[in-house]
Amino acid sequence: MILNRFMIESHIRKALAEDIGFSDITTDSICSDSDRMKVKLTSRVDGVLCGVDVFSAVFKVLDPSTKVEILMKDGDRLKKGDVIATVEGSARAVLIGERTALNYVQRMSGIATETRKYADLIKDYKAEITDTRKTTPCFRLFEKYAVSVGGARLHRFNLSDCVMLKDNHIALVGSLTAAVNKVREKLSHTHKIEVECDTLEQVKEAVSAKVDIIMLDNMTIDEIKEGVKIIDGKAIVEVSGNVSISTVEDIAKCGVDVISSSAIVAKANPLDLGLDA
Amino acid sequence: MILNRFMIESHIRKALAEDIGFSDITTDSICSDSDRMKVKLTSRVDGVLCGVDVFSAVFKVLDPSTKVEILMKDGDRLKKGDVIATVEGSARAVLIGERTALNYVQRMSGIATETRKYADLIKDYKAEITDTRKTTPCFRLFEKYAVSVGGARLHRFNLSDCVMLKDNHIALVGSLTAAVNKVREKLSHTHKIEVECDTLEQVKEAVSAKVDIIMLDNMTIDEIKEGVKIIDGKAIVEVSGNVSISTVEDIAKCGVDVISSSAIVAKANPLDLGLDA
Amino acid sequence: MILNRFMIESHIRKALAEDIGFSDITTDSICSDSDRMKVKLTSRVDGVLCGVDVFSAVFKVLDPSTKVEILMKDGDRLKKGDVIATVEGSARAVLIGERTALNYVQRMSGIATETRKYADLIKDYKAEITDTRKTTPCFRLFEKYAVSVGGARLHRFNLSDCVMLKDNHIALVGSLTAAVNKVREKLSHTHKIEVECDTLEQVKEAVSAKVDIIMLDNMTIDEIKEGVKIIDGKAIVEVSGNVSISTVEDIAKCGVDVISSSAIVAKANPLDLGLDA
Amino acid sequence: MILNRFMIESHIRKALAEDIGFSDITTDSICSDSDRMKVKLTSRVDGVLCGVDVFSAVFKVLDPSTKVEILMKDGDRLKKGDVIATVEGSARAVLIGERTALNYVQRMSGIATETRKYADLIKDYKAEITDTRKTTPCFRLFEKYAVSVGGARLHRFNLSDCVMLKDNHIALVGSLTAAVNKVREKLSHTHKIEVECDTLEQVKEAVSAKVDIIMLDNMTIDEIKEGVKIIDGKAIVEVSGNVSISTVEDIAKCGVDVISSSAIVAKANPLDLGLDA
Amino acid sequence: MILNRFMIESHIRKALAEDIGFSDITTDSICSDSDRMKVKLTSRVDGVLCGVDVFSAVFKVLDPSTKVEILMKDGDRLKKGDVIATVEGSARAVLIGERTALNYVQRMSGIATETRKYADLIKDYKAEITDTRKTTPCFRLFEKYAVSVGGARLHRFNLSDCVMLKDNHIALVGSLTAAVNKVREKLSHTHKIEVECDTLEQVKEAVSAKVDIIMLDNMTIDEIKEGVKIIDGKAIVEVSGNVSISTVEDIAKCGVDVISSSAIVAKANPLDLGLDA
Amino acid sequence: MILNRFMIESHIRKALAEDIGFSDITTDSICSDSDRMKVKLTSRVDGVLCGVDVFSAVFKVLDPSTKVEILMKDGDRLKKGDVIATVEGSARAVLIGERTALNYVQRMSGIATETRKYADLIKDYKAEITDTRKTTPCFRLFEKYAVSVGGARLHRFNLSDCVMLKDNHIALVGSLTAAVNKVREKLSHTHKIEVECDTLEQVKEAVSAKVDIIMLDNMTIDEIKEGVKIIDGKAIVEVSGNVSISTVEDIAKCGVDVISSSAIVAKANPLDLGLDA
């Protein structure tokens, strides 16, 4: 997944407006027009880098003449002390942009770092880790990107790109099979159907309904194993619910295809990066 | 702090567009125009509620005829199992809005819950806990509000409402005193000056410069105590750096006025709330 | 597919601003505040109705007190002379909104009408007609909706919801198989892969690569039949290129699954609807 | 008429967002950062070129370093096989922008081509062809421009720049003369008054009222001739209704000044242009 | 001229965001949810009222349940002490909206009041007063409206609705006549041509060129009289430059049609209106 | 205070759209693509320059290749005849941008000029002049900046950056002291409290309540002197109400700290600057 320049610039403009308000009353007074400054972005901990282009774009939006030298790239493993990039330009742009630039790259690197842990734990299994739609409102683009940089696959972007039938949908129509049939009446041939199953009975029904993806929701390891057997390659097997660092490998061992987890975004803390002279 | 309706509606419209894309291909097929649904928002854990009006507004933006009954209010302590609100309306609006509504209220309640822990730990001291500008780009309004609901005071909203002199500012001008003087040449009488001090020498200089707020940055408990003595009521004493659940009370005991922490936002996990039929 | 209220209102506001400029200098002078007017939307030809809710929303955006009675619904077959809706309200809102409201409903009904012709011609075959991404910039939402109302399935909404490998993608990587493999390294399990094939050799390669959808691009009827045989149910068969009213049934007879056509949008003329007192 | 750069860039950004969604999942996987591509825009049919600067701007918005060489200019007559422009740059930008760029230039060239047919048919007469306000919502700027490139004059841009009194306006006030008088009470001296007349009686009344433009609406050729006689140079004569390729010359022969037609926009099909390596 | 509701609401939302920032830190603390307040809008001086609907809309945007009773209408002559409207609703909405609501209505009433003075001075002459394009960026809609409420006609809204040839245009083409001819090659029949003349020689040339409006720019009273004679009803005569309260009647006496003045907007001071409990 | 480039560009785009509408029908016809023009910005009166970067940015937004040479800088005292800047570029960009560019720089220079008069009058006193929140909706950024260029300090930017307790707030809570206490329960340590006092009794209460700033509202010179005595350095003394060129020095003589005046913005007329070939 790539972040398109015009999209991130538009997001950055709003973020800078949020952080600047009318103007930076400290920097406005302190800096003269000709003051220049050079700072470097350094990692204070180990982790995975993500968002260095967004970091750079913040300063360019403020002042296109700012020079940002990017020394490491998204996805690189960071060691404490690594110098990631240098920023050189008008002191005003550097000082005004600093916090916003860090807010992006720290959050994105935090998510990539957390995701990497999960991905590494299951790297010897067929299973892939994916994210969910449990994201921060109006920040999903960056979270999805960070998740992919961290080594996860992506789940659907939003409600437009894959059908997902949940309890409430099924309850409205009366049965899983009826719901799948109803969806098929209108479905684009370019889109898949996923069904969330709470019981193994539902899994059997989903297999019969020939859906593309079956999600085993909040099941025990034993149930998951049984689910995999029932599905037997006739659908992609996704597991969701109670996925954590301590459970992810056990789930992978069950032979599932996909493990989706909101934790890789929701529980990721901003990575400690510093911007110093 | 209050969330103004027209501001949150505008944010919600963007968040819904982000999550809907062109349309919800699942719900569009499953629901008829006349299908109605009632769900309730329940807490699955203990915590502090925040964002229930935002949660409600999501459904109203989708369909103004949706009825949301709000049973608990922002700031209330939640017990596992508490019913927070009910939503009744067109099944389409309920199913389309569900995830976005939860994404707001879970994140905001998570921050309020985390903040509450800090606030409770220091409730017997003079010190107040505050947030910082380390927030999620384009989501600060909601994070600031959640922090205030959780029992914290707010630090400055952005770069416009308080002067904060940091290392880099001081380095540019030559000395802390020179920097303060330079700021005073232009400063609005409605704004305060805060100075970030890394050493006790700087603290002394800041006191002499008669600034309003002195931030003791990344100091040991002993240094903080010494700082408080030096300042001796001549400025507001703020402590920042290495603030955590395990250190906050010790810092408060030093007699400081304000403890600012990015952790109450950055390390808060979304609170586990459910929306079920 | 459903048009979400908040999205169409935002589009309508821009369209009205485009058509009003500073103000309607005719209506402003002619109407007093208390003048009221009632008009009815009538079909002057046979066709398929689409966009009546958008039509209604235009007047509501101008004046929420306008009463729009909707007598026929999207998808209904129109006969010349049918009364579709009545609009009653302030003369000012009716006269200012008239042209913009018609511009939506006429274009959308024109597309639904054109699409219906194709859908009817192939209703006895397995094949479904779909649209393409050849749409009017910033108007796709309405065109996609009209296509679905006219009886077509939808092709992908945009570049996010299905992989489509074309000549240029394949050329960059070296071969169709290599391109498919490269995509699979990152692909979400929720997304499908479609490959555009210009030759039957490519079709064979695509079958071996186990892609989800094979598009037979600009092939003759004989080639299409051969393609269907080669694919033999192992992928969804889509035909594109030279699809028209006169060819669509012959293509459907070949046993294909999907016939995609830009003509149902691009060659549709606005349907002749009138708004009269 | 000129398209101002900042306006089209803003429209293009929205169109690209519409077509990209979160990201181009095909191109993102296929292209490496260093892949470059060169394609040329070619005409597959005869026609009139329009929108080549918009086409170019799409790629520049995606990647300002893209090189677009423009070989033919708006208004040029295209022969099948003509090379219009070449695009060279990052493969990613070329592949992501291709469809949106074509959607603009094909629609605009289609309108210019259709308009040119009408303009050519009446080039030996006094009459000019113009467009109407029956345009695609939020796309009028491009349609107006294409119409002017195709050899038409423009009718009013929107409701702000010329008074146009229609049946409903006149009915509200009581008479054509009364309506004109009412408008004159407030009218800017910079704006003209046009009146739509359905009968020759109304034409006489309009002449007496000394309006600037009289539109003969849906009249027969004989009525139009009679209308021209009655008006006798005292107002600009505009004809509207039932204007088509087969009627436009006969109308021009009547000696009218302006023939306005929605068909030059509404019935224009996108011109078949290709973008190939 | 009428202010369309959806346009002013969108302007008001931006103005409120400008004045609120994150939140009103005074009112948020002082008011409880249930506090209600009633205030009345009163004139502290004589003048002409303008913008009372905008004033009202500010409170409705903040809280739709606010009750605004409008006692006087736009264009009414105000006497010191007149009560214009009452606002009753949540104390929070009243206190937050107060300043923004006043900023609109005071500026708009100031302009209407200033304009009224000019209009009254020339009410016995043929001449009408109009505004110019010298307005406040992004506030022209409100200034144009206020000017019309104050008794002026409007000059063109912007660069789209009337041709105005100035020195620089003429210089580029070589002569006034050549410039007019060049414009006529493309001109819409719905638009007029105005020419700015600095000398009586130019006036003669403009008459020969049969333009619609001749502006006598910065001429003496004697020159204006001579200009009127030269034009002799063959074009609308507009005077511009050095128009003030003390010169406007003398200019009107010359028999001109239109006197355009930037002063009615630029030199108008906000009218002193108060909002008190 | 500094104007951030990305903010003013976004404002300029809206202002240009406001002034251009669909296109500049005069310039579009008159200029060929290759016509170039050079104009210079000159002062026709004495004053203070403000907004020259905004002036320049207007032309750059229209055409980035425009060359603007800036000869004088914001804050410089202008003499009639001074050449401020030259603009050289495509004739089209120069002619289209001219009015909008002037609308910014004339208004901003007018405000700086008016402000300078006040600042000069009190330059030998401790008092500083400041603005208020009585600004033009959606234009405050430029007005605040102009005020600071003219030699004033700034009052609060908006409702977020300083508490200001007025009559209505105090009335709601019951007393000034109670209101101050209520605010203190939630107040950020980075924000100050100002109280508006109408009587000397209130001033005494405000002193006791230890607020940061006491505004003496609409008081006589004698009352102000008495107020200063009562306050005696325990708060910043601000005077507001009836501040004019003729009163400002008398007020300053009373020994107050700040004199806030809406007049420096509201009563400033655009400065007469010309843009000539």
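Letters are used for the chains, namely A, B, C, D, E and F, taken in the order the chains are written, and counting of residues starts over at 1 for each.
Note that contacts are C-beta pairs under 8 Å (C-beta built on N, C-alpha and C of every residue); 3 or more make two chains touch, one makes a residue touch a chain.
All values reported here derive from a predicted model rather than from experimental measurement.
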item: Fewest hops from subunit C to subunit F - one hop per pair of touching chains; value: 2
item: Each chain counted as touching subunit E and subunit F at once; value: B, D
item: Contact-richer chain pair (by C-beta pairs counted) among D-F and C-D; value: C-D
item: Most distant chain from subunit A by Cα centroid; value: E
item: Separation of mean Cα positions, subunit C and subunit A [Å, integer]; value: 32
item: Cα-centroid distance, subunit C relative to subunit E, in whole angstrom; value: 44
item: Sequence positions of subunit B contacting 2 or more other chains; value: 1, 20-25, 27-28, 96, 140-141, 157-158, 160-162, 186-188, 191
item: Interchain contacts (touch definition) - all pairs; value: A-B, A-C, A-D, A-F, B-C, B-E, B-F, C-D, C-E, D-E, D-F, E-F
item: List of subunit E residues in touch with subunit F within their complex; value: 11-12, 14-15, 18-31, 35, 37, 39, 91, 94-96, 99-100, 102-104, 106-107, 133-142, 157-165, 167-169, 171-173, 179, 182-183, 185-188, 191, 262, 266-267, 269-270, 277
item: Subunit F-touching residues of subunit A, taken from the complex the two chains share; value: 13, 16-17, 20-25, 27-28, 61-63, 92, 96
item: Residue ranges of subunit F in contact with subunit B within the complex; value: 1, 128, 130, 148, 153-157, 160-162, 186-192, 194, 213, 236, 238, 257-258
item: Parts of subunit B lying in touch with subunit E, wherever the complex brings them together; value: 1-7, 10, 140-141, 144, 157-158, 160-161
